[in-house]
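Paired with chain B in one complex and with chain C in the other, chain A is shared by the two complexes that follow.
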Partner chain A sequence: MTGPRSLVRRLAAGDRTAYWFVLPYAVFFCAFVAYPLVFSFILVFHRWNVVTPMEWIGLKNFDRLIGDGLFYRSLLNTLTFLVIHIPLQAAVALGLALLLNTAIRGRGFFRAIYFLPVVVSGVAVTILWQQLYSYDNGVLNAILRAAGLGRVPWLVDPSMAMPSIAIMATWKNVGIYIVLFLVGLQNIPRELYEAAALDGARPAAQFRHITLPMLNPTIVVIIVLSTIGGFSLFIEPYVLTGGGPMQSTLSGMLYIYNQAFSFDHMGYAATLGFVYALVILAVVMLQRRVIDTELTP
Partner chain B sequence: MKTALKYLLLAGGALAFAYPFLWMLAGSLKPELEIGDLNIFAGTFSLRSYAQVLLKIPIGRAFLNSILVSAASTASVVVFGSMVGYALARLRFRGRATLYTVILFTMTIPFQIVLIPQYILMVKLGWTDTYMGLIAPTMMSAFSIVLFRQFFMAIPQALIDAARVDGCTEPVILFRIVWPLSRPVIITVALLTFMTNWNEVLWPLMVVRDQSLMTMPQIVTMFSTGGQAETQLGYLLAAASLLSLPVIVAYAFFQRYFIESMASTGLKG
Partner chain C sequence: MDVTRTLVRGAVIACAALGLACGPRPGTGPANGAGITLTYWPAPNPQEIQLADTLVRIWNTLHPEIHVDMQPIPVSISTEEVLLAAIAGKTTPDVCSNIWPGALHDYTQAGGLVRLDAFPDFDSVMAARTPRELLEQFRAGDGHFYEVPWKTNPVMMIYNRRLLREAGVDTVPATYGAYLAAGARVAAHAYPQGAGSVWMGERDVRPLWWQKFFDFFPFYIAASGGKTLFTGGKATFDDSSAAEVMGFFRDCYARGYFPRTFFPGHDPFLLEEKATHFSGPWEVASIRKFAPQMDFGVAPIPVPDGHRGPVYTYGDYKNISIFSTTAHRREAWEFVKFLVEARHDLLLLRICDQIPVRGDLLDNPLFARYFQENPPMVAFARQAVYTRNMDNVPDMKEILDAIAQEYESCAVYGRVPPAVAVRDAVRRTNLIMEWDK
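Coming up: the complex of A and B.
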């Protein structure tokens, strides 16, 4: 029989190495996850500009947020972005992946080119697209003019600016999803198509009843990751439009950043971050629930 | 006919992704007035834009800052992340299941909620405008720990047992025996971490105001939004080219690793 004391010692000796191994993570977790989470709960009840002492203001930050038109505007802008970005990205990625998944030469080459914007810095991509989108001498409008079409006010028109950013973000990120769709397509057992062909199913029916259902997991990943990405949208509007014209590209993250660093409203910025985090969790959970009920047989 | 259409579509796609970059590079090498030209091969060759960028912002210094920050955080994520991954996969200790749950939980926290408090922590520690402020919050990654754990779970127990019988300590087993067998996961984590940090710009914008400490994407952002580019298209395109080229060159050599690593981020959902 081992006494409780020697048991503790034995366990501790066996555990000690493991605890040394996880110690760096524990320190990191306390500093950069636990502390900020706790501190965010405190900060939302305060007014603070970092320099002067914190001032307790109760629920005033939340009061203000409920009546804050810019908060709703930033939510609406994010929604606009997502409504365009997600279907566009899924359609382009699936289309190119289907093309790449056929018997073609140079698959690796095409895949590498489509993936190129993914690795390049978002700042460089945004500066580049600022020129492509330029109204007077942008590349896109030059091409449209050469084709005998009119110019498009990509970033000038408030109703066009966010869709333009969504198109740019699709161009930047679609490579990841092409690769994911390719993996998904290659995991579909060939026998399914052979059996369907024997039953006389046409290619369109095969696509509808085999390919699409088998790609569901990939589609879910696209929806969830694009949603999280959409809520994190920052550098694109920051560089491209500064949130304008007429706040039409003010994203949630940009609004938080402005409140914190243009106006030194740390308490209110933290409140915005807090509420945005809740919105993101709610949206992602809602998406999962809808997907689970709609897509699973 | 059908094949021809297929290649036409694929080539059209390739053009849509590659042409803007080529136009950017070409534009950065043209005099200001010829940049609007859609033909990337026409026009006069000029290095004036690059000279002006180098003159106006310390972009060489920013390049070194970016390398330092990305390399430090990559080294930390690989070394410490693999230690945690190894402990979770191959060591028995009380609290192991809880720790793993906590790590998975942290991956679901939207960063918006911790961003401002993290910044305030930097202020309190006096780490704004320091390399520490740039590096410290990136030194661990829950996703990397999960990748390491998954990979290490598949390593044969007999190998680890044999090493233990031979009297190897756990650090020796991890770094001398397990690491050499784990090249794929180490490359994936290292590339992913390096890329993420190289391209990160929101955090540097928050914690660094001192130009000599700015990272490359940050200084190019400031150059673009701060008016220093004097609305000269060529300057902006040259700055964006300087920012993209290191990554594009690395990508040209290690394309397969890039694609596999970055695509693995999509598999976590």
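Coming up: the complex of A and C.
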């Protein structure tokens, strides 16, 4: 019989084979998770531009952060993105999952098509959308003009740029959430629908009183994943807008990247990173509390 | 134990393979056991690689005892990032010819560069090639020289003669007033109904720090009669010249002469969709290659109405330095001197269409034939002596980013008055400078 006790006994007995199996991941974890985390924490109290020796500056990085308008702006932009992106992502994914869960022809084909953007490189997708969104010679505005409508300043108007990026991010990521919803839908017992139908419940009532409540765990997962993913917003504004127009798409990750790799402020970037991590933690905990209160039957 | 043995064996094989992969490559060592090998990094664009290849071949033929290996700078977002990483990792070459003066402060602070004025013949070599006024711009904060000024790409106005002519513009606009008047004519001619695809000019509207090399920074140098952003290490651009520059670009956007967009994947100037373009001499080669039919001219960038005196601009210099990791300083210096010989400056012109930092470009008979065959380059050569360098202060990229943010708010979107935009840019610049103390 093998089990934790057996493993502990074998280890205690001096059989070190298990260590070899653990070693690759332990090395990976130390090199790419633990060491960067500890090093970043040390950086928080230093000024360092990679080439010169680190200089201890105490809490000066936090002092700068408190007075840094761009930090607050990037935080606000990221939250704006989340407010648009999460409901849009969840609604579109749920709608498509409901369609794909019915017995339509070519269901497998459509599932593959919707998942395709997930596996395509983020940069490639962003360049594709750059061509679609271009104000003067973009495909979307060409269609609008051909239809006799005015052009939309997708990426060049400060109030339009972040919603445009949210639409693009939804298109890119919706496939993975469709799969999650499909798993959730297929786990709902058919008997519930049959019983509801016998009681005279129409499809809309079945959706409201059976499907949605039964999908609650999936919705929670999707909201948490979308939130964490949304806080990582980087490629889209980096390639599409550079953070403009008027800093309206300067996301938290883009600002950290600029500080670290454009301006070589590694200490300040590490400080921003830690503060963002705390913000993400707070938002996710708040979400969990709200979801537990609102969605738990 | 079998599993343990297998894992240990696998690890040994993996280490051996890694060692082979990371070991010296054939051809990178000295030409012979007794010789010296220098590594030389040129810029990674095709023209400069071709030039470097030609020069290194000549050198290696003439100096078999000092072999030079040419390796283009590894491609990245910017050369500066690669060089900083190389300094940090102590993997710098002996010589590099793509040193941006704006990053010199970081390199010298890290002790990455060799002091060139320590070589006894530095002054005589420089005096024979570069005017003193130009050379002085490259003196580092500690009073020494760490770079040889090699080439300059003065930012000028390249204009499409056909588009201006068709719009009824007979004189090349030299002032803001003339430029805006020409813009009105181009707009009226190109899109009388209000929305068209020909513009008087265009700038990338994204707030990218390096884009300021082609709008605010050269225009400020021109408007101020040759000033740069800092004097004595202090930001001094909170003045009327900076506000005039912001106001000029604001007018260009507000009146619809510049599009509030960017053109991913295509160059509107090469497609003859804009009448003027602010760029350096490398643009001439692009026009010849991609738009050979274009009838174009080159002129200084516009200045405020009533401006007097020569029109200065940003020189966009790229220089040569020796890295302190070199084990052969004297030989590296000999190679640097070889790179800046007059006949090799001619190769720089012929192969790259870039301007050597020389005082005798238009007088030396060696270059006469090149300029006869390439008339547009004469304007760049004339402009070369009226250029300014990037300020040698820390965090120049973030300072340019701060200006880019204010430029976007004021000029592109018209949300902030020019004087306020300039004041805010200076305020943020001072914060950045304060942070660096």
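Brief remarks on what is shown
Here is the rule we go by: the second predicted complex is superposed on the first by the 282 of 297 C-alpha atoms of A that agree within 3 Å, B and C clash if a C-alpha of one lies under 4 Å from a C-alpha of the other, contacts with A are read in each partner's own complex, and residues count from 1 in each chain.
Heads up, the rule we're going with is that a contact is a pair of C-beta atoms (placed from the backbone, for glycine too) under 8 Å apart; a residue touches a chain by one contact, two chains touch by 3 or more.
Note that the structure is predicted; figures quoted are calculated from it, not measured.
In the superposed pair of complexes, A:Asn137 makes contact with chain B and with chain C alike. Looking at the shared chain after the overlay, A:Pro245 reaches chain C, while chain B stays out of its contact range. Residue contacts after overlaying the shared chain place A:Phe261 against chain B and chain C alike. In the superposition on chain A, A:Ile127 makes contact with both chain B and chain C. Legend: residue contacts after superposition of the two complexes on their common chain; A:Pro163 is shown touching neither chain B nor chain C.
In the superposition on chain A, A:Thr52 makes contact with chain C only, while chain B stays out of contact range. Once the two complexes are overlaid on the shared chain, A:Tyr276 sits against chain B while remaining clear of chain C. When both complexes are overlaid on chain A, the residue A:Thr17 reaches chain B and chain C alike. With both complexes placed on chain A, chain A has more residues touched by B than by the other of chain B and chain C. Applying the stated contact rule after C-alpha superposition, one finds that A:Pro237 touches neither chain B nor chain C. Once the two complexes are overlaid on chain A, the chain A residues touched by chain B in the first and by chain C in the second are 15, 17, 50, 127, 130-131, 137, 242, 261.
Per the touch definition, chain A reaches chain C in the complex via residues 15-17, 20, 49-52, 64, 127, 130-131, 134-137, 151, 153, 155-156, 158, 241-247, 258, 261-265. Chain A meets chain B in the complex at residues 11, 14-15, 17-19, 21-22, 24-25, 28-29, 31-33, 35-37, 39-40, 43, 50, 96, 99-100, 102, 104, 106, 109-124, 127-132, 137, 139, 142-143, 146, 171, 175-177, 179-180, 183, 220-221, 224-225, 228, 231-232, 234-235, 238-239, 242, 252-253, 256-257, 260-261, 266, 269-270, 272-274, 276-277, 280-281. By the touch criterion stated above, chain B contacts chain A in their complex at residues 6-7, 9-10, 13-14, 16-18, 20-21, 23-24, 27, 35-36, 38, 80, 83-84, 86-88, 91-94, 96, 99, 102-103, 106, 108-121, 123, 136-137, 139-140, 145, 169-171, 174, 195, 198-199, 201-202, 205-206, 216-217, 220-221, 224-225, 233, 236-237, 239-241, 243-244, 247-248, 251, 255, 258-259, 262-263, 265-267, 269.
Chain C contributes residues 1, 3-4, 7, 77, 81, 84-85, 87-88, 106-107, 109-110, 112, 195, 197, 205-209, 259-266, 395, 397-398, 401, 405, 408-409, 412-413, 415, 435 to its touches with chain A in the complex.
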